[in-house]
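Letters A, B, C and D mark the chains as written, and numbering starts fresh at 1 in each.
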Amino acid sequence: MPTITVWNEYIHEKENDRAAELYPDGIHAHIADVLAEAGHDTHTATLQEPDHGLTEDVLEDTDVLYWWGHIAHDEVDDAVADRVARHVREGMGLIVLHSGHHAKPFRQLLGMDADLTWREAEERERLHVIDPGHPIASGLPESFVVPEAEMYGEPFTVPEPDRLVFVSWFEGGEVFRSGCCYRRGKGRIFYFRPGHETYPVYHQDEIQTVLRNAAEWAAPVEGSPYPTAPRNVPDPAEDIDGYDR
Amino acid sequence: MPTITVWNEYIHEKENDRAAELYPDGIHAHIADVLAEAGHDTHTATLQEPDHGLTEDVLEDTDVLYWWGHIAHDEVDDAVADRVARHVREGMGLIVLHSGHHAKPFRQLLGMDADLTWREAEERERLHVIDPGHPIASGLPESFVVPEAEMYGEPFTVPEPDRLVFVSWFEGGEVFRSGCCYRRGKGRIFYFRPGHETYPVYHQDEIQTVLRNAAEWAAPVEGSPYPTAPRNVPDPAEDIDGYDR
Amino acid sequence: MPTITVWNEYIHEKENDRAAELYPDGIHAHIADVLAEAGHDTHTATLQEPDHGLTEDVLEDTDVLYWWGHIAHDEVDDAVADRVARHVREGMGLIVLHSGHHAKPFRQLLGMDADLTWREAEERERLHVIDPGHPIASGLPESFVVPEAEMYGEPFTVPEPDRLVFVSWFEGGEVFRSGCCYRRGKGRIFYFRPGHETYPVYHQDEIQTVLRNAAEWAAPVEGSPYPTAPRNVPDPAEDIDGYDR
Amino acid sequence: MPTITVWNEYIHEKENDRAAELYPDGIHAHIADVLAEAGHDTHTATLQEPDHGLTEDVLEDTDVLYWWGHIAHDEVDDAVADRVARHVREGMGLIVLHSGHHAKPFRQLLGMDADLTWREAEERERLHVIDPGHPIASGLPESFVVPEAEMYGEPFTVPEPDRLVFVSWFEGGEVFRSGCCYRRGKGRIFYFRPGHETYPVYHQDEIQTVLRNAAEWAAPVEGSPYPTAPRNVPDPAEDIDGYDR
């Protein structure tokens, strides 16, 4: 099974009572527990650690990286963001959660700002499965409810996803592409919308099912050799008329 | 591991000496052997059997169906083609080989004619991996040679594939999208170009690697409930102003 | 500007008082008027005419075909459906409206059943533009309301669209991919959800804007030669070692 | 018709005799002439100008930007690359030529390195139209030859293109996705492979046809409002139970 690293900026849970109550050891620890129960080898890393806990060695040993950030995206070092993006291109999976839509490596890999509209009104969200044949939807019903959610609305300024798994309905009238799959190089990227820090979203069964499925889906595949640099190939496989190297 | 059925029109091998020499028990038996060696539970079916060997029961028990046909596409019963297409939509994988581009269920699922240009000149084909991160490319080099091939050339009149895994180079100057992935409903479809009956293509290591990888890739996923009919839902989940069923 | 043919099964407007009141000369005549006001050369055709009004000559002269059908899909002759699908592959645009999701040529071109859930509860629909850079969205706000709509809900069993332009929010809790773009061969296909016969949907400004934009978007492009049959090309452009035709 | 700016790093033509002979006033001036003859309002800009000639005002007035760069990608100021990428997201078209695959704004918009293999052997290239229904292919034959070309080979480490228009065959045995369409935000991006500075590629008819077609294809569309920042929307369009702002 894939080896998981769950990254968290880890600020709200130390400053906001409700977040602390829901996730006493941090969202990262909670999600790591959920995945560990499913049998994964899980690790965590946070903004406050050296290199934000995402050294070359850690990423080398990570099959799938989960990312939760919100108010401290700018504090993520550019070199670390570059490193994460490079590992994704070379095969590491990346699961971007909720407010992580503005995370540096996500924006960098998409080439877009990933802006959206939002509202905090404890409103009802209904996630509809758009792609019932997608492995990330395995074990889910046709739709399910998140009783209290922060709203995210379209337009979500991302590239058209390779596969769209979920679309959310919000009580206040909006919709959102809540489960978006991308590929960059050999790496798989899944953006999953739910997850505000002051709602018990990651305690919900269906959400945990998605988190588990995403690990399997985003795990690296062997594939064929992936070039990490341009390469001159002066010796052609076939004869070129008049060319003698 | 997925349960495989390999289907063959099974005509050339009984009428053409070279085909008989290469595939004495038929291409279907040969491919089934290749997949059985990889541990799959494999079965075969041919045009000549009742229902072409593709009864409801057989398809119900098939995870991935391989299809080889060439000169007898029209002899495939429409009802059987419809049945195959329906099973694909409901999750069965379909691997369409070489001249199977004109197979009834393939054309029906794509909504296109899948025409192309061709030439039999025993020319060299080079298959280049375009998508090194695709599981069907696992274990392959960046490119490999089929020493003697029937040429297929563009334009290949199919929908733009969801993922393009291979592009072929031909000695005579053509190119071809030789590995095309599609999804229809819950089912995965892979078109793989190589495979003329009078060349030992399916005896080649790299080709067998692709055949094996394709079985894993096309295997059904659980997903969420898939509707096989339209459905009236008069009872809304949310209140509708003024509506009282 | 593109030459338009608007096709309608033309049954409801002759049998249902509300439909007759909204569209006294039929939905086809109404939509043709809307497009004619924008300067298009418009024609109409209905189920009841010989060949349903869609002869080879008519289709040859049609740049974009609009299709409205609901309760009489099965009465459309297979040969006419085949003819429409062929013309789309060769470049004619096809705009499929509302209950036309079950139209024979649409299903045939997609290779899917295009099933969905539905409810008639005069509920509110909000169409959100998902792709603000799409020409079909030109002149629209970020979202707009259809005050009374028949609901269509996911899963909509179609292939993942090439571009998704609109997603609908429904009062009763559903979402739907209401504006889906496809290409088949040289032809462009746009499915547009709104349009029940007993609501004044096609009288609404934003809807008419979409209808007009769709004509421009779906108009044929010159492109390069499109093959309508397989073709043997025994004479290679490049020398093939040992091959002398 | 779209207003065009053709950008060039403009170094080879001042240092290499063959390049100077082919493009005495620079590749940018030559391409601008080709497009001006087609009726476009054309401008040029080069690396050596202040802001590389790509000020906010210039980009504001540019519908489609052509980009030719090779040995001086690193000398392009990050702020200018960011500015170009932003204008693309907001609707400006971007045509990236040949060695521009490594241009900063292109890589930034794709989120990928856009690496490839290459060889300078004056070999023959055959460009095959893969998508005969694409407007960029209008007026072209099924395939055409560039007699002397620098080879680019796969894997080309870019995201899977939205539409693949051309695939190249090379004498030495490689293939390449030579015409790749992307969308980022409201902007259209077309990568077109041919164009080495020491071959008369941009003097060739078919190549000039592509350059002209690309301008039309990449021109901005009106679309609907595009958000350039996240936005709080505390007032919902629909009532939210228990929420009173």
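We take it that a residue touches a chain if its C-beta (ideal position, glycine included) is under 8 Å from a C-beta of that chain, and two chains touch if they have at least 3 such contacts.
Quick caveat, the model's predicted, so the values are computed rather than measured.
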item	value
Chain whose mean Cα position lies farthest from chain A	C
Chain pair showing more contacts of the two, A-D and A-C	A-D
Averaged-CA centre spacing for the pair chain B and chain A, given as whole angstrom	32
Intercentroid distance (Cα basis), chain C paired with chain A, Å	36
Euclidean distance of C-alpha centroids - chain A vs chain D, Å	30
Residue numbers of chain D (touch at least two other chains)	124, 126, 129, 131-132, 142-143, 153, 155, 160, 162, 171, 173-174, 183, 185, 226-227, 237-238
Complex interface listing, chain B residues touching chain D	126, 128-132, 142-143, 153-156, 160, 163-164, 167-170, 173-175, 177
Chain A-facing residues of chain D, complex	85, 89, 102, 108-113, 115-119, 121-124, 151, 153, 155, 157, 159-160, 162, 171-174, 182-185, 226-234, 236-238, 240-243, 245
Residues of chain C that touch chain D when the two form their complex	91, 124, 126, 129, 131-135, 137-143, 162, 171, 183, 185-188, 221-227, 237-238
